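Read from first to last, the chains carry the letters A, B, C and D; within each, the first residue is number 1.
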Amino acid sequence: MAEQVTVLFFAALREQIGQESLSVSIAPGGLSVRALRAQIEGANPAIAQALAEQPRLRVAVNQTLSTFEHMVKPGDEVAFFPPMTGG
Amino acid sequence: MAEQVTVLFFAALREQIGQESLSVSIAPGGLSVRALRAQIEGANPAIAQALAEQPRLRVAVNQTLSTFEHMVKPGDEVAFFPPMTGG
Amino acid sequence: MPVHVRVQAAPFDVGQQTERLSTLSPHTGGVGVFVGQVRGGQGLRAMTLEHYPGMTEASLQALAQEALVRFELTGCTVIHRIGRLEIGAGIVFVGAAAAHRGAALTATTFLIDRLKTGAPFWKREEYEDGRAIWVDARETDEEAARAWLTRTP
Amino acid sequence: MPVHVRVQAAPFDVGQQTERLSTLSPHTGGVGVFVGQVRGGQGLRAMTLEHYPGMTEASLQALAQEALVRFELTGCTVIHRIGRLEIGAGIVFVGAAAAHRGAALTATTFLIDRLKTGAPFWKREEYEDGRAIWVDARETDEEAARAWLTRTP
């Protein structure tokens, strides 16, 4: 279980994918958000399509806005979502 | 009575002069605020001094901010006061 | 009424006044509010607000109408208190409701900037040591009011 | 506490929240407030606010702390509602208290500009004809948030 990351989806993305979270096994050394995304997309064509349809996809790692180059480690929480629209 | 103007003083000016209003007789043809001021000052040295000590004296004629060139007519209300400090 | 102006000795109710602005129109998306209050410090005990009855109401009404048109507001409010006010007491409430936040907040700033030097109120401060001082108009306040003459909208 | 942050389904009380800001310090001279509410029109019936629990509270807390320091506030407040909200309902309350009006009003604008695109909320609109639409982030909102990166203070 220590080699899992939790992946979350929000808003239009969550709705389109039809699920709000996913547990993904990764290599112990970790990988970039970009590589994690590619790994998820390889396994889930529906997620690949939903992510591709988000031209301004945002990512947060452990609840902090991050870049796609950020390194993800086992145990991290990674969330993908469209641009935020609060207020 | 139709040849009177009412002159009002506010705030520091009112306090220094020791009175809040004055009835002044003017010529039926009227006169400028500047001339009215000179007329009042001629008759009241204490007012002359109080007005002289207000480097940024303001004037309103009939409750509208005016200039010292504005023509005052009998029946008008003329108010002198320091810069306003509301809010 | 989209414009609400009052000069009063009594306190104002911020909740009630904001509620009025919020419910004026279903097209309102934002309400901006500014409350000015008596700031303590330097031995200040209280201040007394003097005004020019009649001219005060007329100038605040004109200011509120100008804001309504200039910023395309759904409504705005100006309430100014007079008389003696202690530390922490509310002096002035200005508020603006608009479709979008930009207009609401800019109009709120416009109302308070212009009111400061454009309506016939004067403040007399009372200090704990017995001094009583008429507040001088600040040059920065007069500049803030003038700046609105050349700003758009 | 100078900073007050809440994410809640329940309505907020504008009067009570403004009172909190007004009474935090005797050195407060002004309180700025902005209330965002659901704007009607174009057949909109209601909207639902979704958020990212945990990250939302943390990002609002960081935003409020940044405003407190940047504008030398005596206090500030951010309350954001979640769940389904009908036309006219309050969505967000931001408020800032400071010694002077400039800081209070600028901080209020800063808080709402930055909150709009910087905290993990998403709006889903429901229309009378049955359509449900996720609101797109507006480029103007992202520009408004970015502008604060280069502004002083």
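Going forward, a residue touches a chain if its C-beta (ideal position, glycine included) is under 8 Å from a C-beta of that chain, and two chains touch if they have at least 3 such contacts.
Owing to the predicted nature of the structure, the values given are computational and were not obtained by experimental measurement.
Chemist: By mean C-alpha position, what chain is farthest away from chain C?
Modeler: It is A.
Chemist: Roughly how far is chain A from chain C, centre to centre by C-alpha average, rounded to an integer in Å?
Modeler: Whole-Å distance between the two chain centres: 49.
Chemist: Could you grab the centroid distance between chain B and chain C? Build each centroid from C-alpha atoms only and quote it in angstrom.
Modeler: Inter-chain centre distance comes to 27 Å.
Chemist: So how far apart, in whole Å, are chain C and chain D when each is placed at the average of its C-alpha atoms?
Modeler: The mean C-alpha positions of chain C and chain D differ by 22 Å.
Chemist: Mind pulling the chain A residues that touch 2 or more other chains?
Modeler: Answer for chain A, listing residues that touch two or more other chains: 87.
Chemist: Touching at least two other chains at once: which residues of chain C meet that condition?
Modeler: Within chain C, the residues that touch at least two other chains are 36, 101, 112.
Chemist: Dump the list of chain pairs that touch, please.
Modeler: A-D, B-C, C-D
Chemist: Using the touch definition up top, name the residues of chain C that touch chain D in the complex.
Modeler: Listed in rising order, the residues are 13-16, 18-19, 22-23, 26-41, 87-88, 90, 99, 101, 104-105, 108-109, 112, 144.
Chemist: Sort out for me which residues of chain B touch chain C in the complex.
Modeler: Against chain C, chain B makes touches at 8, 10-12, 14-15, 56, 60, 63-64, 79, 81-87.
Chemist: Quick one: in the complex, what on chain C touches chain B?
Modeler: On the chain C side, the touching residues are 36, 49-52, 54-55, 58, 80, 91-92, 112, 115-124, 134-137, 141-142.
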